[in-house]
Each structure stands twice: as structure tokens, then as C-alpha cells.
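Dropping the structures in below, format is C-alpha cells.
In what comes next, chain A is part of two complexes: it sits with chain B in the first one and with chain C in the second one.
Now for the complex of A and B:
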């Protein structure tokens, strides 16, 4: 494609790219169509993992059924892992669009495409709905037990928590898909004339009435803003619901108001990490280096550094309050999730969600590279996996049977290690998510063409005194 | 986002130094009135120390009342300085330029004022020395073998606050050096000498600018953890107390920090509006700046509201009798439930409704009102955390009590507001409350680009 040399000097060399708007649509369209060998290999490998996951799921269902949540801890963990990445990613696109950050333009679509993987969340959630124990104690209440276990739903409303959880996850998925559709409409309209086969049909179907009139652009902008606000609220609520219903309320005595916040922060951290990894792969092997300057990595990595620090700050706020209080009820929760039972997993969580990415992102030259932020992204994704295993395997196995209705956890349980079906489900869940994402990249342009084109209007390279610098248009 | 006309360097000097080089007629009058209120408050504090705590409304079990509420409030206001200055400097937000200095100075004065509150609250301020020292020449506690308990947040507090105060002063001073040099060159006599000393030989050469910028960036990055730690530690004064059920909440640290930023940024917006009005700085503090602050405040307020909801929901979540008693007191019993409604309305719903409207964000009267709402609300928030928690601290109802502040407490609290206003007014006579060099830099980097038939404001960016 016709693209200028990357601009920038000194420590900012190669920081900015100025793609040629005239050939962008055709170039991105061709890249969307292309099926290079490494891509098909990745698709095949992740497809095999996906099948392994289904095998693991069926085997677990045959072995243990859906009556008891305990054997499904690893399934819950992998559901949550995928949920955190896919639900957080569209918010990343929306947030940077809201703040009008120019550097976000190449990453918007990469982030929004995670919405398609959200369909997997919805499917994975259905069994979880049946696994969640009821709120009311099914047996006669004895001393030290509660008639209604602690949940955020208290004693109602009808259908809580199961039906409401499902409605929430479904709403989130539908909203994120709608956001993707509205955002990608101009690009699909532009590509529909050059696309062939299924893509042509799809683009015609989804963007049939788009002609790029001023009214349509205004409607698109307003639609994204309104849906964005709605999505943000739904996301925060659903993170609160999932982290409470499937984690906190399954551990008797764990009353921790900061946990939903930690969950949301971990989600944002992981989704930003995943986006950076995808951007790096696109730039390094996908032929998109003309669209993705290092400035995107640099700016996103600063946000990732901030989120990483927020993560450890919130974790510390939880830990110090419980630790200092010296209440047996809280000490047991700490022993279970932090210092004893899942100590090694916690340590890995801490290292990969905080210490390692912090050590990587602290350095300016690393943040200014493409590989540095992507490396940090891989680290936080692994850290996030450890977080989910620690929390969800822990919560599923904290109080088997009637113990769930006790006022607090009297004994600290032993850790639960994965069996072969758990390994299959974890690998399969991750494989399925990557498989779906890869497939989605062939459905829609991986670069938000209209946003990058808009960026070329607002960003120029100009002379200032004796040097040349970036000129950034600020229309409002 | 760049409104207004381009400004020349001479014009910037002339207009922004007006508060220092020319005293307006009202200046000494206003200073005298504020000074008188401060004097009355100091006398009242002296009276209280002489007479004992009996003259206040404090009584068991509510031993923390207006003074501690006010302490937390002023610590909160102090968070504006770093929020605006350090974070916006690091994120290179252009609209920060006129707001940073006033925010930083407000930080310093509100911290100083905050620290007077625990001292007054001790009833015998001289005995606070035992928090830190147990030396032979301070015999009382040493003789009894009583040692300061460094593990209590009450000891962490002064450490954190004084670290923040020191670093904030350093932060302000570093940023002031180029402006001191401008003042040095425009004054004579003793003023010239003092400004000369403060300017530390500033000539404005490339090396000095480079060092000043690096120092500013480094201090911005270093001060951020201090800023977060201060209000976290203040929150842990409450959060670590397991005996007061509604206080022992893991979310308190970020909840307090976000609340502090909310009240602090609102206070800065209000101060900027006043400065614009009294010194005629319409060219510098423009509607776009207040608008940007308001948009930032929508995000901060929403974050705060989320933490508030989490705090309340998890208060009920445990369904423990003693915590339910506190929540019942807060939400169901008059007048606390009315205060609670006023607090939530003033802190979130009313101001956010205002800020969502662009014309309202650009109307300075309405913005002032919104900022005052937030600060009244945030003051009430601290009050409603502290008092109901203590009033229902005990499980047995015969130990329950309430709190009604006395006139002594009212006067001292009003005095702290007068003190901060007086200090801000005084400092406006000594240093420019809008950084000259920052404004000039913004003007230099300002440019335009043409998009089709439209010319759009733009800025040069090195990174």
C-alpha cells in the first residue's frame, strides 16, 4: 500500500504512521480476504483445542452431572477468563473514543471484534446457570447456618440469581454486538463493492442502507455514545453480579466490597493486554505496519501501566483491611485465597498481573517499542488466568453441600488440582475464544477504516522552529 | 479545544501579574474580614482547650464528630492539586495549563488546615508529641513504659500527610521557579531580593528548562503514590477499626481517594471561577477549561458513586445485626436519612445532571453552584460515615447515643474555611496563581490545520 515512512526523530523515531486514505479500503479489504498459511494453521490448532474443550465438557458432565458446582471450578475459571477479556475489550474501544485519543484509531476494531467471542460467553454461561446453588437453605437450619445464604440478591427478586444473571450476560453480548455493527457499518458499506461471496452478502445485509450522509454519521455517533454509556453500566453491573454470585457468595463469610472493583480492573487489564497482543501480531506478521504506529503501543502501554498499578493498589486495600482486622472469619478467607491453600497460584497471579508487567512497562524504551507492551499483554493474560483459577476454583470448592449455608468458613479447605477434563476445558475454552476471534477477523476489516481515515485528516507532520513534529487537530 | 485569541508574552506577564503588582481596593478589606473570623475561631479553640471537651457535643460513644469530619474533608480537597497537576501533566492535557498552580497551592493550604483538626481534636495538642517521641526529656509516657504504637493508622496519618505536604511544597516551588524569575525582573528593593533568591539564578537557558521539565515530570510521577497513600491511610483510620461495623470495609481506601478527587477538583473549579471573576482573567480561565473540568468530574463522580453503591450494598450483604443497625440509622431514622438524601443528591445527582448539559457546563454561575453542591455533599459524606457508625457502635441498645455539634465546633469549622480563603488570597499577592510559563508554552505550541474548507485548532506535539 502507499504509505509514508514512519515519522518521528530521536527517541520517538518511527512513532507515527500516516496511511494513504485513497487506497486504504482496497488494501484492508484484501488483507481481510487473504488466508495465509500461518493463519490457517492457527485456525486449525485452535479448532482442535476447541474440540478438546467440548470433549472435556461432555466428559465432566457425564462424570459429575450438573448437581454440584464443585467439580466445575475450572470451567467457571475459564468462563470468567474469557468473559473478562471479551466484555472488557469493547469498553476499551469506547473509552478511548470517548476521550478522543487519536492513537486509539487502529485499535478500535481490534477491541470491538472481541464482541463476537462474547457469543461463546453466552453459551458457556448456560450450564453455569444450572450449577449455581439456590439462595435458600434446602435443609432445616441449625445453629451457625443461615436460612438464606449471603448474596447480593438478598431475598429476591423472583428468578434470582439464575435468570437475572443469564439476562445480564445476554444483554451484554447483544449490546456489544450492536456496538460492533454500528461501528463497522461504514467500513462494511465501503467494502461491499469489492467483496465477493459470503462477505459481499454479509456486508450488503448489515450495511445495506449506509451511504455516509451527514445524518447517518450523526446518528452513528449518537448511537455509539448512547450504547457505549449503556454498555458501560451493564458491564459494571455484570462484573459485580458474576464476581459476587460465582465467587464471593460461594465462600461463607467472605464479605469484600472491593472485590467487584478488583474484578473489573483485572478485566480491563486483561482485555487491554489481549488487544496489545493482537495489535503486535497484526503489525509484525499481518502486514498492518502501515496502519499501526508505535505511538499506539506507547500510549496504550501507559494506560496498561496505570491499570496494573490500580490492580495492585486495590488488592492491597483488600489484603491490609482483612489482615489488620485479625477477625477469624477474614483470616480464613485470606488463608484460603492468599497465603495457604492457593498461595502458589496467588504468587503467580501477583507476579504476572503486577510485578512482571510493571517491571516491563516501567521503562520508556520498552513502552516505545511494539514488543514491550505486547509482552506485558501476554504476562497480564497469564496473571489473569491465575486470578480466575484462584478465585473460581477456590469458590466452587470452598463449601461443599450444606456448608455453603454456614455463617463463615470454619476450616480452610485444601486446594483442588485439575484433572484431565479440567485441563481439556481450560485449553479448550482458550482455544475456542482464539478460534472465534480468528474467524471474526475474516468477516470484518480488522482496522476501523473510517476512524483511521478520519485520523489522517487530524494528524499532520509539520515544521516547528528547527524541527519537525506532529500536529494534532483538536476540533472540539 | 482552543478557544480565545492568541496571547502575546508581554500581555501574559502584564495580565497575570496584576494580582501581585497591583492590589485591588477590596483586597485588604476581604483579608481583614477573613482574618477576623480566623481569630475568632482560634480564640474559640483556645477556649475549648482551656475548658475541656465538655464544651463540644462530643460524648461517648460518638467521640469523633465535626473536627475529624473536617480533617477528612480538607485532606480530600488537597487531592485536587496532584490530580490536576501531576496526572494531567503526565497525560499532556492542554487544558490543564491555567488550573495547575491554583490546584497545587490549594493542596498545600488545605493540608496545613487539615492537620490543625486532629491537633485541636486531641484537646491537649501538646501531648501529640508522644505519638512520635518517647525521649527522657518527655517524661510522662516514657516513665510509664508506654510506647507509641506505630502499627496504628493514627501514626501512619501524620507520616503520610507530612510527606505529601513536603512533596507538594517542593512540587509548587519547582514549578514556580521560572515565574519567580519573571517577578524578580519586575520588582525592586526587598521584593526583588526575595524573588531573586527564590528564582535560584534562573536565566531561562536551554539546560535550565530541560532540568525544570525533567524535575516536574519526575515529581509528578513520584507524588502520585504519595497522593494515593494519604487518603488511603486516612480511610484506614476507619477501615481498620473492626469494632465499628460500618467502617470495616475493604473498599474504603479507593472510595475515599475517588471522593477526595471529586471534592478537590470541584473546589479547584470553583476557585478558578472566582479567580477569573476577581482578577479579570477571562483570557486565561476560559469556558473551555471549566467545561473540561466538568467533563472530568462526570467521570470522577460516576466512579465515586459506583464505590458508594458497593460500600452500601456490601454493608447490607453481611446481614449482621450491628451493621444493619448502623445502616438503619443512616437510611431510616430522621434526621440522618434526610441528610443522607441531601448528601447523595448534592454529591452525585444534582451536579452530574448539570454537567451533562453543555450550556450548563459553560455557565459559570451554574458551575459554581454545582461545585458548591459537591463540596457540601462530600462534607456530609464524611459526617455520615463517622457519626452514625459510632452512634451505633455497640450491639446493646442502651449504649446507643447520638451527636449534636456545639457552637464551639461550628465556629472552629467555619474558621478553617476562612483560613484557607485567607491564605489563598494572601498567596495571590505573592505568586501568580496561573503559571506564566505554562500559558506561554501553550501559546507557542498552538497552531491550526486546514481540513477541507474548515480550519481546525491544533497543537504541536513532541510525543
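Now for the complex of A and C:
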């Protein structure tokens, strides 16, 4: 493609790129069509993992059925991992779009494409709906047991919690897919004349009526703003619901207002990390270096550093409250999830969600590189996996049978190690998510063409006194 | 008499804005011409008319319906199956908040999606006049005029600097 040399001098060398708007549509369209060998290999490998995951799921279902949630702890963990990344990613695009930052332009579509993986979330959630124990105690209530276990649903309105949880996850998926559709419509319309086969049919079907009139641009802008706000409000709510129903409510007596916040922060941290990893791969091996300057990594890395510090602050706030409270349940929760049963997993979680990315992102030269923030992204993703295993495997196995209806967890349970089917499901869940994302990149342009083009209207490289600098226009 | 579309293609935004001025001066109603672009230009860049929309009304109505349904569902459930918990009143706001919040969000989202479809004038079953050069950064000025005024409008667009003028089935190079 016709691009100028990356701009910037001194420590900011290569920071900004200025793509040629005239050839962008054709160039990105060709990149979307291309199937290079490394890509097909990655697709095949993740496809095999996906199949392994299905095998693991079927084997687990045959072995243990859907009556007891305990054997499904690792499945819950991998569902939550995928859910946290894919639900948080569209919010990253929306949040940076709200702030009207220019550096986010190449990042928007990369983030929004995670919405397609949200379909996997929805499918993975259906078995979890059946696995979640009812709120009402099914047996005769004996001393020390509760008639209704403690959840956010209190007396249990119609369908709670199962139907409301499923509807919530479904609507989150639908909203994020609608956001992707609205955002990608101009790009699909631009590519509809050059695309062939299935892509041409899809673009005509989804964007055949888009011509780029003022009314359409205004409706798109307002639609993205409104749906973005609702997505944010629904996402926070669903993080609260999932972390309460599938974690806190399964450990009798665990009452913690900070945990849903940690859950959301971990989600935002992981999704930003995943976006940075994808951006790095696109820039390094995908041929998109003309569209993604280092400024995107530099700016996003500061946000990632902030979220990482926020994560450890909330972890400390959770710990100190329970440690200082010293009620029996509080001590048991700390022993179970932090210091004894899952101590090693907690340590890995702490290292990879905080210590390691903090150590990487602390350094200015590393933040200004493309690889530094991407490396931090890989670290926080692993840390997030440890977080989910610690919390959800722990929650699923905390109170077997009738113990779930006790007032609090009286003993500290032993750890549950994964068997072969658990390993299959964890690897398969991750593989399925990557497989779907890779497939999605061949359906829709991986760069938000209209947004990058809009950026070229407002950014130019100009002289000021003796130096040359980036000049930004702010029309709003 | 039905109006026919005519599309002028301009290499620069300045020329497209000039065409807009010329159309205005020729007495063409602002509702009869539009600027087709591959990216959103800032408000008023072409001297075009304001395009009001009522999208904000849709989520408001949706949220109101969801809120009402949520309050009714939770209060009626609690009154039909009264469960006194820890001395709390049968109708108390905290347990109602969770379901009410979710139902409000859901209907607000549904109505917003309907609003976007409506405000974008979707679905459009008739193919509009378009040129792929708009994807290369050209600006399209789409004018709807009486058939008798097509030649005059074509001249006007060409004089304003159109590099090409496209009619329904034919293309006339400037």
C-alpha cells in the first residue's frame, strides 16, 4: 500500500503512521481475502483444539451428567475466561471512541470483532444454566441450613436466576454484535463491490443499503453512542451477576462487594491485553504496519498499566477486609482462595496479573515499543486464566450437595486438580475462541476503514519552528 | 412527477462544497441533495443542512416500558407469593432492583436497535445511485430532480468541478 514513512523523532521514532486513504479500501479488502500459510496453520491448530474441547465436554457430560456443578469447575473457569475477554473487548473500543482519541482508530475493529466470539459464550453458557443449583433448598431444612440460599435474587422472582442469567448473556451478545454491525456497515458497503463469493453476499445483505449519506452517518454515530452506553451498563451488570451467581453464591457465606469489581477489572485488563496481542501480530506479521503506529501501543499501555494497578488495589482491599474481619467464614475464604488450598494458583495469578506486567510496563522505552505492551498482554491473559481457575474451580467444589444451603462454609476444602477431560475443555475453550476470532477476521475487515480514513482528515505531519510534529484537528 | 437521481463525483471536498452552494443558489431544495462520503466529515463541512434525528426517543420509550414491566413483575410476584425474610417488608426495593434493572436495559436496547434501523431508513429495497470511486475518497453529490431538470443539473455539477456525472444507467464524463 502507498504509505508514508512512519513519523516521529528521537524517542518517538516510528510513533505515527499516515495511511493513504485513496487505496485503503482496496488494500484492506485484499488483506481480508488473503489466506497466508501461517494463518491457515493457526486455523487448523486451533480447530483441532476446538474439537478436543468438544470431546472433553461430551466425555464430562457422559461421566458426570448435569446434576452436580462440582465436576464442571474447569468448564466454568474457561467459560468465564472467554466471557471476560470477549465481553470486555467491545467496551475497550467504545470507551476510547467516546474519548475521541485518534490513536484508538486502528484498534476499534480488532476489539469489536471479539463480539463474534461472544456467540461461543452464549453456547457455552447454556449447560451452565442447567448446572447452577436452585435457590430454594430442595430438601427438608434442618438446623444450620437455609430455606433459600443467599444470592442477589433474594426471594427468587420468576425464572431467577437461570432464565435471567441466560437472557442477560444473550442480550450482551446481541448488543455487541449489533455494535459490530453498525460500526462495520460502512466498511462492508465499501468492500461489497470488490468482494466475491460469500463475502459479497454477506456485505450486500448486511450493508447493501449504505451509501454514506449525512443522515446515515449521524444515525450511526448516535446509534454507537447509545448502544455503547447500554452495553457498558449491561456488561457491568452481567459481570456482577456471573461473579455473584457462579462464584460467591456457591461458597456459602461469602459476601464481598469488592469481588464483582475485581471481576470487571480483570475482564478489562485481559481484553485490553488480548487486543494488544492481536495488534502486535497484525503489525508484525499481518502486513498492517502501515496502519498501526507505535502510538497505539504507547497510549494503550498506559491504560493497561493503570488497570493493572487498579487490579492489585482491589485485591488488597478484598484481602484486608477479610483478614481484619476474622469471622470464621472470612478466614475460611482467605484460606481456601488465597493462602492454603489454591495458594500456588493465587501466587501465579498475582505474579501474572500484577507483578510481571507492572515490571514490564513500568519502563518508558518498553511502553513506547510495540512488543512491550503486547508482552504485558500475554502476561495478563495468563494471569486471568489463573484467576478464573482459582475462583471458579474453587466455587464449584466448595460446598457439595446439601452443604450449599448452610449459612457458611465451615471447612476449608481440598484443591481439585484437572483430569484429562478438564484439560481438553480448557484447551478446547481457548482454541475455540481463537478459531472463531481468526475466522471472523476473514469475514470482516480487521481495520475500521472509515475510522482510519476519518483520522487522515484530522492528522498531519507539520513543521513547527525547527522540528516536525503531529498536528491534530479536533472538530468536536 | 417522479424525481430522478443524478450523482456528481468530486475529487476534493472543496469542489463538492462549491457544488452544494451552486445547487442552493439554483433554488434546489436542501432536502433534494445529499453528500455521499466514505468517512464522516465534520458537521457543516459542505455547508449542508442539519440532519435531525429522533434516535434518543427510542431508548427512552423502551426503558420506560422495561421499567414498568420490571416493577410490575417483581411486585406482583412478591404479592402473589409473600415470603417474609428477616423482618423485611414484602415489597422492598433492593430485591426488585436487580430484575427491574435488567428488564429496563433489555427493552432500552431492543428499542435502540429498532430506532437505528428506522433512522437509517432500513431496509432499503431499491438500489440507490452510487459509484465505487467514493470509496477512494471522492465525494458524491446526489441530487434528486425532475427529469426535465437533469441536463441543467448535470451542467451545474460539471461547472462546480465534478470529474464525472452519473445518471441512472449511463455515465457522462466531464
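Simple rule for what comes next: the second predicted complex is superposed on the first by the 476 of 476 C-alpha atoms of A that agree within 3 Å, B and C clash if a C-alpha of one lies under 4 Å from a C-alpha of the other, contacts with A are read in each partner's own complex, and residues count from 1 in each chain.
Keep in mind that, in the parts below, contacts are C-beta pairs under 8 Å (C-beta built on N, C-alpha and C of every residue); 3 or more make two chains touch, one makes a residue touch a chain.
Note that the structure is predicted; figures quoted are calculated from it, not measured.
J.: Give one word, clash or fit, describing how chain B and chain C relate on chain A after superposing.
T.: Pair status: fit.
J.: After superposition on the shared chain, which partner residues are touched by A:201: those of chain B (first), chain C (second), both, or neither?
T.: In the superposed model, A:201 contacts neither chain B nor chain C.
J.: Who contacts more of chain A, chain B or chain C?
T.: C
J.: Is A:130 contacted by the first partner chain B, the second partner chain C, both or neither?
T.: After superposing on A, A:130 lies clear of both chain B and chain C.
J.: What is the contact status of A:212 with respect to chain B (first) and chain C (second): first, second, both, or neither?
T.: The answer is second: A:212 touches chain C but not chain B.
J.: Touching A:193 in the superposition: chain B (first), chain C (second), both, neither?
T.: The answer is second: A:193 touches chain C but not chain B.
J.: Kindly classify A:363 by the partners it touches after superposition: chain B alone (first), chain C alone (second), both, or neither?
T.: Neither chain B nor chain C is touched by A:363.
J.: If we overlay the two complexes on their shared chain A, which of chain B and chain C does A:23 touch? Say first, second, both or neither.
T.: Second partner only, chain C.
J.: Determine, under the contact definition given at the top, whether A:472 touches first (chain B), second (chain C), both, or neither.
T.: first
J.: Touch check for A:261: first (chain B), second (chain C), both, or neither?
T.: Only chain B; A:261 stays clear of chain C.
J.: Kindly classify A:371 by the partners it touches after superposition: chain B alone (first), chain C alone (second), both, or neither?
T.: neither
J.: Rounded to a whole Å, what is the shortest Cα gap between chain B and chain C in the overlaid structures?
T.: Chain B and chain C, overlaid via chain A, are at closest 5 Å apart by C-alpha.
J.: Please identify the positions on chain A that touch both chain B and chain C, taking each partner from its own complex.
T.: 152, 154, 457, 475-476
J.: Can you list the residues on chain A that touch chain B in the complex?
T.: 12, 15, 146, 150-152, 154, 236, 240, 255-261, 298, 313-314, 317-318, 320-322, 324-327, 457-458, 460, 462, 464, 469-476
J.: Could you pull out which chain B residues touch chain A in their complex?
T.: The touching residues are 1-2, 94, 228, 232, 236, 239-240, 242, 248-254, 306-307, 310-311, 313-319, 447, 449, 451-452, 456-463.
J.: Per the contact definition, I'd like the list of chain A residues that touch chain C in the complex.
T.: Per the stated touch rule, the residues are 21-23, 25-26, 148, 152-155, 157-158, 160, 164, 167-168, 171, 174-175, 178, 182, 186, 190, 193-194, 208-209, 211-223, 226-227, 230, 233-234, 237, 241, 449-451, 453-454, 457, 475-476.
J.: In the complex, go through chain C and note every residue touching chain A.
T.: 34-43, 48, 51, 53, 55-56, 59, 73-74, 77-78, 81, 83, 85, 94-95, 98-99, 101-102, 105-106, 108-109, 112-113, 115-116, 119-124, 127-128, 130, 132, 134-137, 140, 142
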